[in-house]
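Input: a single structure, listed below in structure tokens.
Letters are used for the chains, namely A, B, C and D, taken in the order the chains are written, and counting of residues starts over at 1 for each.
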Amino acid sequence: MNGLQISYFEASARKRLSELVDAGSLVEFCPPEMRQTSPHLAMLDAPLAFDDGVVTGRASLSGHKVLVAAQEGRFNGGAVGEVHGAKIRGLLDRALSERPTAVLLLIDSGGVRLHEANAGLIAISEIMRAVLRVQAAGIPVFALVGGSCGAFGGMGIVTRLCTEVVMSEQGRLGLSGPEVIETVKGVEEFDSRDRALVWRITGGKLRRALGEATLLVDDLIPAFRTAAVSLIERYRAHPPVPADLDELLGVQAELTERSARFAAARDGREIWANTFAEASRVPEMTVAEFNIQLGEAA
Amino acid sequence: MNAPDTSAKRWDNLARNRAARLARAERLASGCIVPSEQIVQLLEAVIEPGDRVCIEGNNQKQADFLARSLIKTDPSRLRDLHLVQSVLALPEHIDLIERGQVSRIDFSFSGPQAARLARLVESRKITIGAIHTYLELFARYFVDLTPRVALIAAQAADREGNLYTGPNTEDTPAIVEATAFKGGIVIAQVNEIVDKLPRVDIPADWVDFVVRAPTPHYIEPLFTRDPAQITEIQVLMGMIAIKGLYAEYGIKRLNHGIGFDTAAIELLLPTYAADLGLKGKICTHWALNPHPTLIPAIEAGFVESVHSFGSEVGMERYTAARSDIFFTGADGSMRSNRAFCQAAGHYACDLFIGSTLQIDLQGNSSTATKGRIAGFGGAPNMGADARGRRHASPAWLRAGREGRGDIAMPRGQKLVVQIVETFREHMEPAFVERLDAWDLAATANMELPPVMIYGEDMTHIITEEGIANLLLCRTPQEREQAIRGVAGYTPVGMARDPRMVENLRDRGIIRRPEDMGIRKSDATRDLLAARSVKDLVYASGGLYDPPRQFRNW
Amino acid sequence: MNGETMFDRLFGAGAHALTTEGLFLCGTARIGAQDVAVVGTRDHAAIDGTIALRIAEAVLHVVRDDAAGGKPPRPIVFIADTQGQALSRHEELLGLNGYFAHIVRCVDLARRRGHRLLTVISGEAVSGGFLAYGLMADRICALPNSQVRVMDLRAMSRVTKISLERLEELAKRSPVFAPGAENYWRMGGIHEIWSEEGDWSECMATALSHAANSDDRAAIGLERGGRLLSAPTAQIVASS
Amino acid sequence: MEQFTLTLPSAAIPQNVTSATLCGVVSSGNLEILVEPAATSDACRIVVNTSAHGFRDIWEAVLKDFARRHSVGGLSLSINDAGATPAVVSLRLDQAFETCRGELA
């Protein structure tokens, strides 16, 4: 049918995965029919999902073996509970024995699931350590961020631990959600209902300009697929090596410089002004135009 | 023959009274320009007790500064007023009633103030003359409800008092015409006073005073629907409307109500309808505000002409750049006109489609709910057969044949369609045995239950279950079962006679999606030509400038 | 307890040389005969970019100095006292999560270089601030009366629309959502809770000797009965 | 949550279903449906878990119509619902059925 191409932002986790990897290649681990659901949600009389909001499996992507996890942002905001977190951690453990070409994490999460917050917090710290173990074994872990919940809380940290981060401009990445900041610090600090402002603080074009997202793509599943394939090809030739002292001292210097340069910044426009001749036009630019201008600036 | 006795009867009382009012105001103005800090004194000088006053406003622009100023006047001097105006939508409109300055109101729509108004009516603080349609109220301006003083809103004035109302011209010409030519006083609030206007929408000699408002008049972006909020069910109903109705009847000239259901139809035109080969065959001529969701259809070449009741915030540059489609002046900006567009919607369109809150078993529909006196604005004019119509079109003729059979005098009928999901949010059924309007009429002492569209005008109902064609029903029983037959799992729907409903389906009176060759699983949001406001901006080539609350970038 | 008293109890009087810089602290100490580095925060610090960079830098400098001096890698003791991440638009704009990820990488480098990592929760350990370094250690210990949580029950009740009474009732049966070091202990997120009466420097020495660089928290949570599904679920995905 | 199970007579699904399929997402006003093979070929077993209390009669009507409309004997449906309207439930049921048949085709 002559509609739009399939939006990554709007698709469910299962749809994203099925369109991202080679057709029919997904084999799911701990699939919904195992009904590994959250007893904690049940205890609080909240609705359950048969996969606890995350799909984990193996697939091929342009012929390469990958392990994949996709969080369902529409189920409890993609939040991490005990089972949900254990599935992602188990997938990363599996990578150590199965040695795929890459692990893809389709992150769409507000962070810890409040209904089982303690379990979620520990689970995320386990995922963080597992991501590092997988990378230390020479297997890249790619984060794809383009869903309605973005990547926040602990999953925002996990995203930044990944080898590469692919974002769409609709994707958002941060630590504390704007609503939390507004609730605690007041609307003057952060007006969470000003969606354009929220986007300028957390959105894909800001994260790409800061270099935190390594690729910015259109909000289309095939665009994410193309990006993932290109990363796989690149890392197949040069597997990741764990960060050494010099590299981390370099990052330290870079972040110190960022903090100093933008010591008073409170809006993405101030970051863009550093790179783009017409910073005010950045929000209106197409992804292609944005990438060209960013490339020229670099 | 004796000479006429001119002393016995004077024929220029209105003019002399007008002159007296202007004389009282003379010291307050320099030429026609009144400083904003003098506005309260001006109102007190020109308005007299018992006057019919119109404070311009619609569901779009509002003469808000003048309304705010009116409630600062001395209630002992300005009292017993009769408000004759399109809407009572600002808090100040109701404040004026609460201050005891108003004794009677005739209006069309009260939207956000509906609950406050209902309380005032119940406590007998105010008498409602009638709740009109817009066109009906405008008509009465020229018969028995002519304003004595009109307080209007314009974008700009020049120093002579010529007004530029631009894209948001809306009700202004109708109000000013009635007031100025019947000895009344016209006061305009403007956003700016300039040396040269882009064009003159209202000539200076129809305007008595101009005041520059401290803040620009408020305009509500009422016709913007964020495509992100359109549901799969609305996509499905949109597909049903296009394939089962628009294509079937060849609907070219039409009006859409506001809402996500109709926004879905607009966004399906360049995709679903184009795939069905319907470009150029349906939806070419519109009586419609510049809906942002119509942009993709316009860009796809679906649309030939759009005349508008009002404008829409953020659509100014787009409409100006598409002057082949929209009605624009020599200066390049659009001009709307609610009265003409209402007439166009009533007489020159073959179809009206809109949504509602309740439909009863006769097909009467209403958005009225208990405790709220809201009115319906223009919908009843759109959603009524134009019995005076004398020009034919294939769609109109076919509807007439279906409704009257072949034996009667050949005559067409307008297609009046309601599109609703069987349950609204919170599982409120859209189909009811009895409209809430009856209870409202009883508690508010209204002579008529507030019905938006009468059952006798309603020709089709679309729900997620399919289409009921009420034109083809031959008895009240058939009509009732046709309605029950698309009422889903509401109590009304569950009480259907399954055999009769199947019979109606065999006769094509009820058509299910599968009867029309529509696969429900095709109903996904990926079929929409825009999935977000940003998509609309891109579709417009950057010409559409959405208001802040619709921006997430 | 003031910082000095606490450090005296942890390391023995005179066996620590710590400097504080605002809410950040670092320095060296001894556990028995062992030299250790100490890095952490105090007074319920809200961790912002500045503190995050100081923590990361301190860890990198320990790694660098030990390597440069040809010394065996010293253990690093993290003192965790944080109310969580700083809540600010500016910090979000600059990507505070990325600063935290940087700490995590630095801690991971230390682990890979053979530094044993021990966390002592001395006041509060909350959410993101806790995730950034406290939860990354090999062995995590809590002093008595320390607070560990994501969100208090009142706030949780507001967000989840479940009544506070019901949450309090359920919290008696389940460790998964209510604040408390005890709950984290049952789930394996904290290895040890020390007692007020105990000899903390002895506890330190024992804890350090138990610090292994594998992540065994899910297994511990299963063993202690606080996290019954984590280990089995991960196992299903890891090896089905 | 309210839970109930229905076993509805329905003609046997023509194909042999061996694997499970999942359709939909559990989010406000939405639901997920897990379709699995079941032993009884002349009936469809449906387990409903819903957050909206007091609508069992409507659920039964919707599900009975579904079992009449399609040949779903031999299937077992498990539903997690977060307050979907009957329109959404019907749409999702049809999608689940088509997906399940599509996977076989």
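Keep this in mind: a residue touches a chain if its C-beta (ideal position, glycine included) is under 8 Å from a C-beta of that chain, and two chains touch if they have at least 3 such contacts.
Bear in mind the structure is a predicted one, so any value in this text is a computation, not a measurement.
Remark: the per-chain Cα centre closest to the mean position of all protein Cα atoms belongs to A.
Look at where the CA atoms of chain B average out and do the same for chain D: the two points lie 42 Å apart. Centroids of chain C and chain D (each the mean of its C-alpha atoms) stand 47 Å apart. Averaged C-alpha coordinates put the centre of chain A at 33 Å from the centre of chain D. For chain A, the set of residues touching two or more other chains reads 46. Residue positions of chain D touching 2 or more other chains: none. If you sketch which chains touch which, the pattern fits none of the simple shapes: not an open path, not a single ring, not a star, and not all-to-all. On the side of chain C, the complex with chain A involves touching residues 49-50, 53, 56-57, 60, 63-64, 67, 85, 87-102, 104-106, 108-109, 112, 127-128, 130-132, 135-136, 149-151, 156, 159-160, 162, 170, 174-178, 183-184, 187-189, 215, 217-218, 221, 227, 229-240. Those residues of chain D that touch chain B in the complex are listed here as 29, 52, 55, 58, 61-62, 85-88, 90-91, 94-95, 98-99. Note for the complex: chain A touches chain C at residues 29-30, 34, 36, 39-40, 43-44, 46, 56, 82-83, 85-87, 89-91, 93-94, 97, 112, 114-126, 128-130, 132, 136, 152-154, 156-157, 159-161, 173-176, 178, 180-181, 184-185, 189-190, 201-202, 206-207, 210, 212, 242-245, 248-249, 251-252, 255-256, 258-259, 262, 264-268, 271.
Across the interface of their complex, chain A is touched by residues 1, 20, 22, 24-27, 30, 32, 34, 36, 49, 51, 78, 80-82 of chain D. Only residues 1-7, 10, 169, 194-196, 198-200, 203, 283-284, 286 of chain A touch chain B when the two sit together in their complex.
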